[in-house]
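The structure appears below as structure tokens.
The letters A, B, C and D name the chains in turn, as written, and every chain counts its residues from 1.
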């Protein structure tokens, strides 16, 4: 048996619906036999009648409704059809969910699932990585699982958290990533993971780019360079300690992300290392993000727009040469 | 005669309406005798009939309409009543205005004025600084004038730019800041300004915090420390050269901003200096932002939530001691 | 007045006053006295932030609060003091919030009109108009999922707020979920300084009801008897499982948008309209005419209310403000997940 | 069919076919042939991204494009090939976009259904449903400001897209600005997999018209004569300065949401409804019955269209794709303001 990243998300939701009667799922096209644009809820509506509900095309109201239900004791999971459409719900997420507990002491345990990131041919409005945008505002937990195991355990943990969680699942990983079985162990939310140890350079990254970084590390290993790869897992909170410990070992830092280049996760990580771990650095840190344009539709353009093993390798070589 | 920051904004708009028939202003409560929640358009509707138009409470449609008008050759200025309400228009700003030229070659010269930042008693929904959020996405120019002179010239320049501009005007400065007269010279958009030269520490900041930084610089000068203060003016594009030149002179960097601490302008500036000017730094760079909670209503809480001369001075002292 | 309401009709109510007429009047009077006190404190510089009052809307608002029961959901907006009080908000909560006491329900974190509390079943609004509608829908949906019965939710909105996308999405999703929701929309003819003709272009906002599958009714917001009847009936219908209800009340805002605003943009013509009557005055007049209360009774009520208001204010004024250095700067409840950003 | 339309009426049109009936049919047929070609290219793996077709909606869409003139604004959505073609979109633009030619109007930056161009007066949609409505309003407002006369704007939306806040705000602001806008909403009974009962709860979406101050009309989207009459009349009314127009067409989506979707959720019951008829078939049948064209005429038209489509596809297929390394990665037009972020 094997389980994909997407199946892990479905299994996590099955588990949640089974184990916790407060859980329900709310989103467009998620119910019926259809089971969602990506089939992340396939079969769940039949298995759990009345708990997987189709909504109108109303992202703002979907999240607003989830907030109300959460304040009333439920544990709603909202599925956005694509992360990019959460721009419509941004006000509810930032200003209502994100401020609720702080203002009123009423916890707001919603989980918003954002099918994120680029895939071939998806273009400017079906490819965005929005974790940086949500992390900037207070009151939210923002997760970016990069593995099948994390997709599973982090979604279960997300729903258990008493605060609003933005769960960014990467669409490219849905089918491309497989594990042998669902995990029996987990790392807690808020901890980064050293995916591959090294001594020459730390690549700190998240989500789909973890795999590009691993490919580069593998390749460099043949040349005698040992690259350490850190998967942030959670970008808010961000596990500064694990990142600093890695930089302490390697003295060199490259941050890689699929999002737009101004600000976002890579800027935040570099800012933390520069301010809190300046003396650990033997060379200038570097970052690699997507280009500062909308995400192009055409595969030829798209593959140049985002970082990839080739561009990461080039950057890594530069840093190692310093 | 003297002119306030707010009057400069009004004068700039008067000038624009007079000199360019493509300009019109669109927003809530900006027309009639009333002239806007902050009076930034006071008198303009009478002076320029049909060109200062009240809108329904529909931020998304206000910006959408402006986009259409801009694509048709006009130069709309949209006034948000408070920056915080632009969350409703975020989709139009990021996904429509921000992508328009890149996708279609049709320029989209809208200017969105965001009355930004904290003032006493304004609370979580009337105090936000959103420049970091808008700068993260491609396709926008994001400005944060800190002086009366810049408020005037940068607004005039903003409207002349063929691309969408987010013009963040600080509400605290509206009445608190006065100049003797409207400026006759200007620095171009995209250039930062060294507001006060120094040799011991660069404080890089923007908007209202420029003035807090200046107060600190003044105070430190008495103790023999010369702090250089850099006013970014434009946060996208960000004038890395001027910042690096300043750090080259001082070897020390403190970034100060009024926005939330995760990401945003200060993280971006530190990331740039760390990656492009690592060897210029004699000590770890540092940053100071607001706290990672919603912006509190009560003045006692608010004054602790944002950076101020006292907390900036404490940080500066730390860095100088390193 | 379901569907067939005579629009703008301002004839005197012929029907005998609603049985709870006097109670409603008391909430209205309480509101007037309290808000005048708040306005004067504001003018005296004793209140930080804005003061928004419901002058002219007390009848609508009182009716909104009076038909709700424990377990119902109430999401008031900025002109709903009467409804808040009627639904059980203690006066001291109001005073504490406006006067910045650390003991207020918002603990200084949010102010004035943004207050709410679990204890009183009143949601704390965010400013973005329309955003609370789906939140109420979610609470009602959850109550149904949990097996509760007989509850309703009521929220208010202005004619300006009805033009936000949030209101549209929230109204529609309520109908799709068939939750027992009542939306009381007051067209007070101004949204801040903006008159109706720059806000919407339909002839009557109650015409929106049909397009959402709501039952719609109109009401003269200056006539307490009508307000009690129409809003009472809408709440009953929602409670009985009818579709969501839209009640559109007509009034004039008899104050500035906030106390900082002199409302000089309000035209003389509009001040002469029937909907510009003062609901409180009309009610008091009817009470006197129909001898529901005599002069002494009225005077006694007034004195009692003034004393209650003064006491609440005095209490709040003696209390300490929040202290920045003692504040718990933590936006989430899961403390181990706090991000340690420097 | 203004306001008083008999809903869902599917009686045979008694009126003689509209004078432009045959022209419309040609756009419909062209659409069908083109879209079948695109679908087959998609199945063959030759198209990247999604293919969304307008099968069943060709009559509505053709009518949308046919009454527009040069200088009008058209903002089509994903099922508007017929309207795009009728309003002058060259077939090669379509083929180039779908097949990823660098010469396509979007230059590979955006794909497929997101195309548009200044040349053809067709706006390039963003995906977020409803977002194009205020953009059209803005274009119309600007035209008026510039002194242009006699123009209209037309945009389309689905019954699902009508539930977004953007649609609401856009529809309302159009009425407030009194711009000459026509919104043609097609209720094709599914929004992706979601049926009407989870999308809205009013009995007919045309009931929304009144609440915005629009004139509303209903039309059987499977009946070309009606489509031409009703949409033609709406465009004329808008052009004559009447309020914005909402036309609600009834159809069934006779394809998957996109070509990746087998639409197995569409019920058999709904497939038997009158609105589930194939507009193209109905039109062809009437053409044959009324002998507007004989068999050879039809065959000739078909052959001509097939040749045009094949030619466009062949042209695009020979053209180069965009090249990443040559791309100008610059999101703004003011080059000196490009941010040099590393």
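What to note about this one:
Basically, a residue touches a chain if its C-beta (ideal position, glycine included) is under 8 Å from a C-beta of that chain, and two chains touch if they have at least 3 such contacts.
Here the structure is a predicted model, which is why all the values come from computation and not from measurement.
In terms of the stated touch criterion, the partners common to subunit B and subunit D are A, C, listed by label. Averaging Cα coordinates per chain places subunit C and subunit D 44 Å apart.
Computed from the mean C-alpha positions, the centre of subunit B lies at a distance of 36 Å from the centre of subunit C.
Between the CA-based centres of subunit A and subunit B the separation comes to 30 Å, rounded to the whole angstrom. Listed for subunit B are residues 55-56, 58-60, 84, 87-88, 91, 95, 98-99, 102-103, 124-125, 138-139, 236, 238, 262, 268, 275-276, 286-287, 291-294, each touching two or more other chains. Contact of a single residue of subunit C with at least two other chains is seen at positions 106, 109-110, 114, 126-128, 163-166, 169, 172-173, 176, 198-200, 330-331, 338-339, 341-342. Taken pairwise by the contact criterion, the protein chains are fully connected, each one touching every other.
Against subunit C, in their complex, subunit A makes its touches with residues 24, 50, 55-56, 58-74, 76, 91-92, 95-96, 98-99, 101-107, 138-141, 161-163, 189-190, 236-238, 240, 268, 272, 275-276. Per the touch definition, subunit A reaches subunit D in the complex via residues 28-29, 31-34, 37, 53-60, 84-85, 87-88, 120-126, 261-262, 286-287, 289, 291-294, 296-301, 303-305.
If you check the complex, the residues on subunit B that touch subunit A are 84, 87-88, 90-91, 94-95, 98-99, 102-103, 124-125, 132-133, 135-139, 236, 238, 259-260, 262-268, 270-271, 273-276, 278-279, 281, 283-287, 291-294. Listed in rising order, the residues of subunit C touching subunit D in the complex are 163-169, 172-173, 175-176, 178, 197-203, 205, 207-213, 243.
Here subunit C touches subunit B in the complex through residues 48-50, 100, 106, 108-112, 114, 126-129, 160-161, 163-166, 191-194, 198-200, 264-265, 321-325, 327, 329-331, 338-339, 341-342, going by the rule given at the top.
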